[in-house]
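For reference, chains read A, B, C, D, E and F in written order, and residue numbers begin at 1 within each chain.
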């Protein structure tokens, strides 16, 4: 049976186009969270590699292309040295780490979440299935071979990124895998996001942890290298360009921590899967007593989708990814 | 293309164990809504027939059985004279009517929603798939043969009842049928209900109309005929036993009307499917550009589930139900 | 909604090989039942035509064949003059009559139940599907085209004969048609029959009326014309050769009348479908809330099974039988 | 051909909310049964995990939710350590064991029966298809993928739980699999239960073994932790709250052991499938010579009903369940 | 119920190419039969019009064509003057008459059987469906619109001609119509014919009456007008060219009259449908208790097969023929 | 094209209630037939398992039930060890074997014919569709899924049992499958049986082989264990209780071997399908040139009739049976 856990969602900004500095910042935040007693720390979407906000990426000019080149250069290979560094941080502070990264796979980038355990193991990843709006200009599309749920001493842990959380079938796939600690890093600071997070917690009968970056204009490169609007007249270096709003929600939809829209910060709560989830699922168990598999059934294709398959030598990396998917 | 519509959700109590009086009250409310210019009026769950709240129905004594017998007698056959009366009201006031009823089919009761058009036609029904908690003691289980979506001049109209709205696969089935005016009558007056309604509106990119009854103790029969708690010491005739909280939500999650937790009332908003839904779906179209059918696919069995099938003479009623299901 | 009804099951013997005398006796019994206020009278299996008990019919000798010939001659055509007489009795005493008969169709005999209404209409018939043991030597096999259930002011009326009542799929077909007053004429006087009748009442949530003949040796022709045992030394004219045991059971399995194993008699009870069945089905509705049509579904072929079909001129009699089957 | 077997049905109470103590009690009872020469021991419904009787579970208050949480914690995973312990008991006492348990699958509970052989193998399970009345508040719904019938040296062994025994189509599915030793653990101590058991034995032509718990108030936690009635004034610790009535019935409907409504006990009889079943089926073979598959046919969907199916890696547990279903 | 009847089969030769003389001979034979007390007289196949035996009809020469022309001229229209004469004979001798004729319909001839009642009514006809071997050179093909069975005071009367009797589906069609007095006029004098007749009687559970012509060479025109063999050296005028062998068979296969292969004659027996058929069908009722309509079903198209149908004016004659088909 | 074959029909008695001894006797008879040069040996109806003749089985007393139990125990499973032994005999003596058996399927018995080839393969079976008279007390009803016709080097081989041979539609089904060597094991020693066999040969244009048991009273157990008549005074151990009369008939109705009514024996003839059948069918081809499919058409349902069908795991045995049915 699961034991209680103290969990922290990080509300902070990447240092755009500077991945080593972002990793340093991550370590500082982890240290602070560990000092609060946290055993599980969840970073925002695209924390390592940065989120391509602003005017820049909609631009087909040479400047736009150069922006993409730098963004590609700031992304990380998985596995790779940045992954190793994150793993050693998890070991050092004895925490589970869940963090958004920009993953580089050849020349396509993916919005990915990585998982690490307190022993310093890289556990695996989830690649965002479906980018939103202008994200589609810079990120590729994941598949369901990377939708892992991990058995931890604190409950079953997984992640769904940003507006993927609006996809009812993807959520149901995660419920089908038994997710109990549902991490929802996002780029959405709107006031309706909290409504969605509360709904998901109730629908899934799980804890929901949604970390969101809080960024000022100055966290991105200055103009003219990087533009937020055509003229940048509407922003100062201290303008808030991403307002945060991170939250932690209980399985019955109660807000346990957050939202805060005023600055960076750590938001922490104590979760007790063993005690609270049965009480919630007593009333509503989405893939249990409240499902109707006779009339409504979801099929998930969680094989890797590969454009080219070589019959004699299947990709090793892909095989490993398969192993990461523990269906519970 | 759809034209705009003024829509009203009714927040009012059934007159328990008195179906004729409840129908009179329905007519009074319809008249008021029509006077406001409404062309679509949505009544709460179980409005005709009543919702089995309180201590009474959990009781295995002869009193419990007698309660069920009266409840069964207060329910209505579909079609039947009460359906005819509702149809003529819809014609008289020239409105679409969507209303929760308790449907009697032999000796099993169903929590059902009926649909009527302004010409006075009974269009069809939706039977709740999965009752919640103690509802399972008194209501049977529907199937997906009665999940209609109707083409109206104001947009595609359908209904999902109470905690069915928490079922992601059922909602996806409704999205798959193109629902635009999503009626969600419910028994849930909790503050988390509004979060769910806002989420559903955004997830589905549709208007959501959620009428809820507002009942005082005196709307149910007095003790000892009907008990709310073992001793009834904790309630007076004026105690609020069901707090309302009806809302209308826009496709982007904005609250257009309600919630009010203080009394009966009509809550009205102007909906414009043609204008507002494209704006919302531009960003997120759950069964369109934001779906991933290659990896996530839902199968809906919308054949009637019948324990006994007669090969030469299929039940007429079932046939009619089939006709009601317009997959669009 | 149904009104209450006083119902009588008849426990009496046919006058074997004398159909006119048996009809006279039926009229006398009907008159007595009507005097008790009965509005529904149910006669035993094979009351008109007689039940082929004893040694005689197992005999391949000329005497055995001659017995069959007489038995064939004592059977009645349906429709025919005996049916007309029964109809006029029903009208005279203003009762519903349900009675077992031996039906002659060409040279095959069927164990059949006929239904009459108080206006003197012959409503239709049920032919036993499956004869038991030695019955298979003298009776043919019915089909599901004659398993009618009739809507009466007192509830839905139908009949299943003798050990057909042990066939779970046939019973379920009757439940699927909504039977509420379940007539189970039988030849089984064993003490386990009452257990079966109580079970059926609870399983189907219906009233069960089981009339059984009470016969002495002298109700059959004397030896040597008709033999009960090879030597007949073990019987006197007054020996009980069929012990009765008729019962009426409530929808919750309570015995309302009978069993009596000592003589002929009328057993009467007041039935109230409207009041008692909802209370029973609240707990268990075999084709409603307690069915699982998603995993268990019965298909009933209720077309007539005809060895020869004439395409241009289908047999009239068969057509009539079809009309009798009202699926409700 | 089958050999004779001595079989015992256990009439005893669970120790509520204390699964380890209940397992100790199970071992003590098994030892006693083995001393009587029993080779097959059948425990009551929900013996491991307990039956949620009384006022407590109908309560929507925090106390009601806390009761469910404890009940969920007392349930067992299948397979799991409690299953292993039961298997080793079966081996130690060299008996077939059939026992009711409360099975935990994620956060939904199922009322399940487990089967063990004398070699100490866990054979498989049956999950109750349809809970009754307030059971629907705490137990989920099984499907037909877990309706096994096992070939043993004593005959074909299977189980149907409580009012599932009233479902004619489920019983017919079991008959279709050839069940000969039909275990019917139940919560029903009513006097009509014996009628149903006798009927089932005759209908199926099989031995029926129906163990029922015998519980006093003190077998459940004391108030206020656990309430039997709102005030508990109507019960003392010694009050009988569940009256037993276990029985063993022969294929012709004869009562071989029980019923006793006065205390805990073991009820034992010698069964001889090889000798007694042919004699019973000579007269009535429900899926053999007395069936009418031409007009009445049952379809059983015995695939697992899964709300979510993962195409590349089907759940292991589900596969095992499939193997348990031996259609004979 | 049917009364007993004395029946005669006629074994005699046509007078070839002389229809008036053949009618005179028919009357003489009828008078003799009536003197024996016969109430039913059955004449052989093709008695009026003659059977085209011998070398002549296989010949494509002008002589062959001239033979057909004469044969066509000797045939009779139905209705027509010869039919009227036969009807008046039936009335005069107060017998049912069944007789083979050669029917002329335009330029096609049919091998037909006509039926008359003792009141002198022409009842209708049966046209042979399928001619045998060289018959196909001179006769057309009938259909199932002329397969009547008539209700007489002595039982249900019909006819099947010659090797049609070998057609199991045609016989089954007749059994389906309830035939009890089965007339089988034939041209087959072989010793296996009796086996077939006994089989048909048992299969159909009916009386079988099979009249066969007895002809000497001299009953046909002399050579060279009409040839029996190319040279006629192998025959004398007294040679038997058709050996008779008429029989009457009981429903259990017993030979009641005939066969005689030595001369013309009348063969007579007393039939008692009411007594003998039930005894036979007790054991085997081909379309009753011994049929398996669930797995073996015959469809009979008994609409007239017309090469040309005029929609506005359906053939009157055809309509009348339809009326003759009384399905019983 | 088929080659000629020497065929033997066995006229011998089962050893009742002693299946191993009957198998020994079968082997002895096969050896003798092989010594005569036979390549096809046909045993009588119910040879393995025995035919339930006499008074015993009509008895409802415990003795009657005990008789059935022993009879059930003497029957054989198909497939099973006795089938294996018969297969090895066929291989040892290099003959086709066709034999009547009593088949046990659960608790219903079937009168079945098994087919084996000279390589020792069990080919399949035919289950009697419709038992006759008292057979209905002990045997179930087959269906058309087991009406195989096998292609052998000697012609197409199949079987129809006893009075099934009187069923014109079943025979027509066999003709439709092209049967050429028609085995008709029977219990009928009457003199009319030969007539039926000759008719069938002519009707079907096929060889007919009809083996019949020859039994004395002593081939059945002695009284009082087994009774032939109530007192057994009318029989001595040597009384003939079943008189044989086996025959082999040519396609034109000629008797090639038998009948003999005086003792056990082997009756042998040489069959030449390739030569004799065309000669017969030239005149009459029942499903060829002499059929009238425009007006007479038979529909055969040769799907297995199953009271219960499991959707995911259809019964293996039924699948095998399906493979045996080769429609040619």
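Criterion: a residue touches a chain if its C-beta (ideal position, glycine included) is under 8 Å from a C-beta of that chain, and two chains touch if they have at least 3 such contacts.
None of the values given here were measured: they were computed from a predicted structure.
Of all chains, the one whose CA centroid is most distant from that of chain D is E.
When the contact pairs of B-C are set against those of C-E, D-E or A-C, over half line up by residue number only for C-E.
Look at the contact of chain C with chain F and you find the same residues on each copy: over half of the numbers used there are shared.
Among the remaining chains, the Cα-based centre furthest from that of chain B is the centre of E.
One finds 66 Å separating the Cα centroids of chain B and chain F. Between chain A and chain B, the centres computed from C-alpha atoms are 37 Å apart. Centre-to-centre separation between chain B and chain E, using Cα means, comes to 75 Å. Counting only residues that touch two or more partner chains, chain E has 172-173, 175, 286, 291-292, 294-302.
Taken together, the touching pairs give a contact graph of some other shape, not a line, ring, star or complete one.
Chain pairs that touch one another: A-B, A-C, A-D, B-C, B-D, C-D, C-E, C-F, D-E, D-F, E-F. Within the complex formed with chain F, the residues of chain C that make contact are 58, 60, 133-134, 136-137, 169, 230-231, 307. Looking at the complex, you find that chain E touches chain F at residues 129-130, 132-133, 141, 143-144, 163, 166-173, 175, 192, 194-196, 198-200, 202-203, 252-253, 283-284, 286, 290-292, 294-302, 305.
Against chain F, in their complex, chain D makes its touches with residues 1, 145, 172-173, 175-178, 205, 274-275, 277-279, 281-282, 285-289, 291-294, 296-303, 322, 325, 327. Across the complex, chain D is touched by residues 65-66, 68-69, 72-73, 105-108, 138-141, 143, 305-313, 315 of chain F. Contact residues on chain A toward chain C in their complex (touch as defined above): 294-295.
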